[in-house]
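Order of writing sets the chain letters: A, B, C and D. Residues in each chain are counted from 1.
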Amino acid sequence: MELTSDQAFQIMQQAVAKAKQLSVPSNIAIMDIAGHMKLFHRMDEAWLGSIDIAIKKARTAMLFRCDSEDVGGFLSSEDRAFVLNNTNGGLVGFGGGMPVMLGTNIIAYIGVSGGSTEQDMEIARAGSRI
Amino acid sequence: MELTSDQAFQIMQQAVAKAKQLSVPSNIAIMDIAGHMKLFHRMDEAWLGSIDIAIKKARTAMLFRCDSEDVGGFLSSEDRAFVLNNTNGGLVGFGGGMPVMLGTNIIAYIGVSGGSTEQDMEIARAGSRI
Amino acid sequence: MELTSDQAFQIMQQAVAKAKQLSVPSNIAIMDIAGHMKLFHRMDEAWLGSIDIAIKKARTAMLFRCDSEDVGGFLSSEDRAFVLNNTNGGLVGFGGGMPVMLGTNIIAYIGVSGGSTEQDMEIARAGSRI
Amino acid sequence: MELTSDQAFQIMQQAVAKAKQLSVPSNIAIMDIAGHMKLFHRMDEAWLGSIDIAIKKARTAMLFRCDSEDVGGFLSSEDRAFVLNNTNGGLVGFGGGMPVMLGTNIIAYIGVSGGSTEQDMEIARAGSRI
């Protein structure tokens, strides 16, 4: 199922609205299910360092079809999956990357970075269903 | 002068409107004057290969504060600047990347890829003044 | 439409049969329509240098949804699209990369390298319809 | 001793059979002893993120002629080999990469990713002797 621009802007709008409500200037990346960027936005005052983090969170979620913090579970047990984080151009194993659902289908992945992990997750969650 | 989200969305809107008028599905990248991504959008049906081209056009324009095809002038005279194109992570020396003006100030750089060079330039030009 | 392993092995088998018939040891890469590798094979005696060429041919075709030599048309007119070849991690603009059709749908991209351009194209063509 | 296509397909077949028996969709990479890819297969439903992991596991095993988790032993003692993991384009220090034996000779390296480390190792082991 191809992600459309209309869907991507709706996802972005929902996430930005939540970011503004929380007063967290964020970088927000929306990818299709194969990992190709569809829509990216750096909100005013958001950290430049969060551009790459937002993208890598969405990408990490896409690569393993789950929330980015679930990948972190594998990353932390370093005796089991040592330096897994170095694969795929760099994985990010904390919250803020997740699938976007339309009904029961994954239609995109969103990655958010700018606030605390909890805030990033709350903002991403606001865009995770359309 | 810091590029705002409102300005970036206006630039994007102007470029997308022109792309739709020309029926050219495009990738459109808008960077601030330091080269950090502010807003990126891949229109429906746009080539995946144009994501990177759009970004590199905006980046090439930003790096030399001119239109991307002007950098191409330097790239083509290879006895003078041999493999200049390989610097900066890869320059792109054809049209579609240019400054965005607010009055007499550069406030952003835009890069467009998806159609012919002339079409890309026309779409970028539509977003090059706000 | 998700490319299946059964389809990928059938595409590979058709291409390898043609390569053997032509006595051209080849590298053959089969990607899904988003560019993620599905099946790769280096035939006995095939050049090591052709591994990357085969992959980049398939990737070039995928990025622009056409035959790789069609992208070459843009690359050769360097005054129009100078150093386009440097984008996307390196494009390859000669024959041997093309879409794989199932009925009227593109279900994969194939890239072949090992012989002359004409031979590479003939081998790729043998795998371009299932 | 040059790895042949027949041998590579036999190794792949043994690994895929085990992966199906365990119901673990896997990425499986088979390299020759110099580290050049011979055969790669992404099984249906396997994670996209495991493509790179499978390749890096085989490559890590090849680079040090041992099982990938043995390299992990060096990686974990960071006071002794700090950021060794960053060398060679990125090492992967957990199980699933190992030599493939023909009699007493190493004829290839296999890397598997898709399940738990134990499952990856079991699948790789199924292809590690022909």
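Observations on the model:
Operating definition for what follows: a contact is a pair of C-beta atoms (placed from the backbone, for glycine too) under 8 Å apart; a residue touches a chain by one contact, two chains touch by 3 or more.
Treat the numbers as computed from the prediction; the structure is a model and nothing was measured.
Interface of chain B with chain C: the two copies contact each other largely through different residue positions, with under half of all numbers used appearing on both sides.
Mean C-alpha positions place chain A and chain B at a centre distance of 25 Å.
The geometric centre of chain B is 42 Å away from that of chain D, both derived from CA atoms. Averaged Cα coordinates give chain B a centre that lies 29 Å from the centre of chain C.
Among the residues of chain C, those in touch with two or more other chains are 34-36. Viewed as a network of touching protein chains, the structure does not reduce to a path, ring, star or complete graph. Of all possible chain pairs, those that touch are A-B, A-C, A-D, B-C, C-D. Against chain A, in their complex, chain C makes its touches with residues 32, 34-36. Taken in their complex, chain D has these residues touching chain C: 2, 4-5, 8, 36-44, 48, 51. Chain contact summary for the complex, chain D toward chain A: residues 47-49, 52-53, 56, 72, 75-76, 85-86, 90-94, 117. Residue ranges of chain C in contact with chain B, taken from their complex: 34-35, 60, 62-65, 71, 78-84, 86-89, 91.
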